[in-house]
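By written order: A, B and C. Residues from 1 in each chain.
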Amino acid sequence: MFTKIITKTSQAVSSMSRRLRRQSIEAPLWERVGFFLTLGLVGFVSVFPFYWMGVTSFVDEAWLYQRTPQLVPAVSDLSLTNYQTLFGAETVPFVQYFLNSLFIGTVSAALGLAFAIFGAYSFARLEYPGRWIFSRGVLVNYMFAGILLVIPIFQILVTLGLVNNRLGIIVTHFIFVIPLGLYLLGNYFRSIPKEIEEAGLMDGYSRIEVIARITIPMSKPAIVATYMYAFLLSWNEYLYASVILRDQGLYTLPIGIEQLQYAFENVWGDVMAASVVTTIPVLIIFLYLQKYLVEGLSFGNMD
Amino acid sequence: MSTSFRDWIAGRSVFDRDMTIKQKEMLLGYVLILPSVLLVGASLVYPVAYNIYLSFTEIPVDPTQSPEWVGLANYQALVSDPEFWEAVQNTLIFTFFSDVGATALGLGVALLFRNKFRGDGIMRGLVLLPYIAPLIAIAFTWRWLLQPTYGIVPHLLQDVLELYPSGTNIRETLGMVILFDTWRYFPFAFLLILARVRSIPNELYEAAKIDGAGRVARFKDITLPELKFVLAAVFLLRWIWNFNVFSDVWLFVGNNVPILGTFVYVRGFNTIPPNQGYAAAVANLMVIGLFVMVIGYVKYFLDW
Amino acid sequence: MSQIDTHTDDGESGIDGSTGYRITLESVTKHFEDTVAVDGISLEVQPGELLVLLGPSGCGKTTTLRMIAGLETVTGGQIRIGSEDVTETLPQNRDVSMVFQSYALYPHKTVRGNLAFPLGKTDLEGDAKQQKIEEVAEMLEITELLEKDPDQLSGGQRQRVAVGRTIIREPRVFLLDEPLSNLDAKLRVQTRAELHSLQRHLGTTTVYVTHDQEEALSIADRVVIMNNGEIEQVGTPKEVYKQPINEFVATFLGDPAINLIDVTDGGLFNGEVLMTEIGIDAPPETARIGVRPEDAIVKGGSTEGRFTDPVTFELDVIEPLGHTYEATLKRNDRLFSIQSPNLTGAPGDSVQVQFDVDQIVAFDSAGRRL
């Protein structure tokens, strides 16, 4: 009986010390606590503004502008008044802004891709002198952010009569997304095994037919992701929209929200509700396409 | 071959059966990329040239009148414009500090993610949020967070922690703009650096540990050299974008912290009467300045 | 786009009475930047023949095949199919088809879709088209796979689909690029036999690239041995194996490799064994003789044919292979491989070996067969 207890105890002690030793090989306790604390802090810093955006959009004015602001609203403070104002169309044509942005983004991303698919294929796959210029050119494009060219492009649009005109902003956006499309799709096309396209040629199809019937159908995920990314660029673009669009009925979301903020004093509830509505489509797209979008995110922003 | 090539140049019988396979592929390559090149060229090369011309003119508000040649007048006016020099100074400070901030923070967070852990996919998604979200939404959220009277951040810092006297506006300051930009773009640096960090073989660290290298030594002798190139690239890209920044600063603080980007916008579109020739001159100087900086960086720091 | 002009011109009666197209390569050269991949080769593939291009990797065999396909441009020379010069014809207009090493099935199409794709460029429509697919599927025993996606198939099944896609259009020429190299050893042997009988059955001129000599020798009507972008020898499997034109071909074929024995003043093994003494009748300029391992027997075995007098070796390593023994022998530190069923003894024992006189090949100092 007594020996049994001793054996059991010594077994327990040795297994415990084994476990401890393993822990010390992995990482000391303080290190792991520190790791998760730091991670928590990073997460908090990244997310807090979004939390505050959401909270502000779901409470009424009384709660927002109280003498001692609170971090967490009570359930009774929650209200949908901001969203009702936004979609009520009494004060601001917010729904119109939303639809304008949707339309301009959808069309300019589609146009941009229509050009970029073939251009990207050309310099990813075909061989001809001067090809390197095009692939480098995409990168030089990096340097010329929107602000550097806004004056001449605006003047050109004035000459063409495209100011204060949906076509003007669509043309600008769709040309701006072409380099992105060339870059992302070019990378993708290069990753498709050459032999699959060669098999198409061997089966009697011309290069153009192979692109249309094999390469493009095979690249559907990449094309969708690039399309979405191009759409987001247009959705977020502020500078050109702000100089091209003059009539309120043409406004996209960024200018519409800006207008809302300047037109009225302290309408933070409405502005934050509008921000939430603008952000949600972006998050949905991101969740669906995270895997593909990471490469696009590395390419950078439009302005 | 030479005959058909000449024919092709001359535009005769483009689909000549005598063309070699190589020539046909070349032709197809050019045909496919031409539309993109024309469009991007039209939106890049032509505006750059046009901008140079415009900077020597005064552009009337009435679009039916053509720009009037004024020679170097815009540039001469710039030299003695204190607002321009203020914008130059702010831009350089902003560019440098928010670049360093975003790159350093991105590096730190990427190192935190070096080893996979439970839920690292979700955490990565959260960390990317500031970079993914629409600028308009987050710029206005920050405005609201820092709003002097009702903002939650001034309330905490001022009333609760009493870090600075009440009545101070911390929002419209260069420091806050730098902080905002750092916050928004550290995920970009994080993303690029993380890919590289995760490809550093673990054996390197283990070998160093066995040799008795401490934490600092391991970072200095293994991590940094392995990340040298990606850090340099991130720093360069962020430099370019920070220098050209407009929307971020404009939507966050308007013209309260003037930088070159907002200076161009205000003079070109937000002043009555606008002075677009003047704005074009500033944009030109920005292009030249940026090229000098980028070439200098690539030549002397990257030693390419 | 021009439709493929099918089989209008000059199919010829080829071997076994089948109708096929002759492929002619005339001084064909291919340069990549500054490296020469194919260095002016001339070759004629007979109508209906199965010709194998064999050689070490980098010898230019795949480049040659891809030039016939049109997937690689030609730097110099001419390629003809039938009497038509196709040197500058786009691949899709050559009416040839190809099985790729990776199979290159269309991942976004089902097996049926993969088989149907080449038919889109023929006159077959609707029912006739489906019937053709069923027919080919049946021939290749893949009928039950028709509705599956390529990523649901095993390696062997993919290979069959790739072959099906190649034959379904009934092109003028089949090109096969290492079609079996992604299969496991057992499946390779089985599929090889099936491919062989399929080609016999269809009678279509076929060019087949492989680096596997066993595969080449078992399937080919004729074999082309290539090295460094040049053709070393063209011949039937038996010819290239038994009558290699030079030492490269002799050593490249055969496993274990042929034994090359230096000849000094008419004597082997540092002159210890005079060739005339043991009964080898070689020309005076012989610098080396080659003896294949299976052409050397241990004294006391079957002596059908003419054999030399025994030469004494020391047994070094012995390995049973089941039906025979493979052994490495030694004499004066020179190794000698042998395959013989009646080998006995332990390492260190001495062995008496006789060479089959009629199978010995003699080479001059430049490595050419005499």
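By definition in this document, a residue touches a chain if its C-beta (ideal position, glycine included) is under 8 Å from a C-beta of that chain, and two chains touch if they have at least 3 such contacts.
Just so it is clear, the model here is predicted, and its values are computed rather than measured.
A centroid comparison over C-alpha atoms places C as the chain most distant from chain B. Distances from each chain's CA mean to the overall CA mean are smallest for chain A. More C-beta pairs in contact connect the chains of A-B than those of the other pair, out of B-C and A-B. Between chain A and chain C, the centres computed from C-alpha atoms are 55 Å apart.
For the pair chain B and chain C, the distance between C-alpha centroids works out to 58 Å. Note: centroid distance chain A to chain B, computed from Cα atoms, is 16 Å. Contacts with at least two other chains are made by residues 22 of chain B. In chain C, 70, 90-91 are the positions where the chain touches two or more neighbouring chains simultaneously. The touching residues of chain C, when paired with chain B in their complex, are 70, 73, 88-91. Interface residues of chain C, counted against chain A in their complex, comprise 1, 4, 69-71, 90-92, 95-98, 100-102, 104-108, 117-118, 120-121, 165-166, 169, 175. Across the complex, chain A is touched by residues 22, 25-26, 28-30, 32-33, 35-37, 39-40, 42-44, 46-48, 50-51, 54, 59, 63, 109, 112, 123, 125-138, 140-145, 147, 150-152, 155, 159, 183, 187-188, 191-192, 237, 240-241, 244-247, 250-251, 261, 264-265, 268-269, 276, 279-280, 283, 286-287, 290-291, 294 of chain B. Contact residues on chain B toward chain C in their complex (touch as defined above): 18-22, 24.
Within the complex formed with chain C, the residues of chain A that make contact are 193, 195-196, 198-206, 209, 213-214, 217-218, 220.
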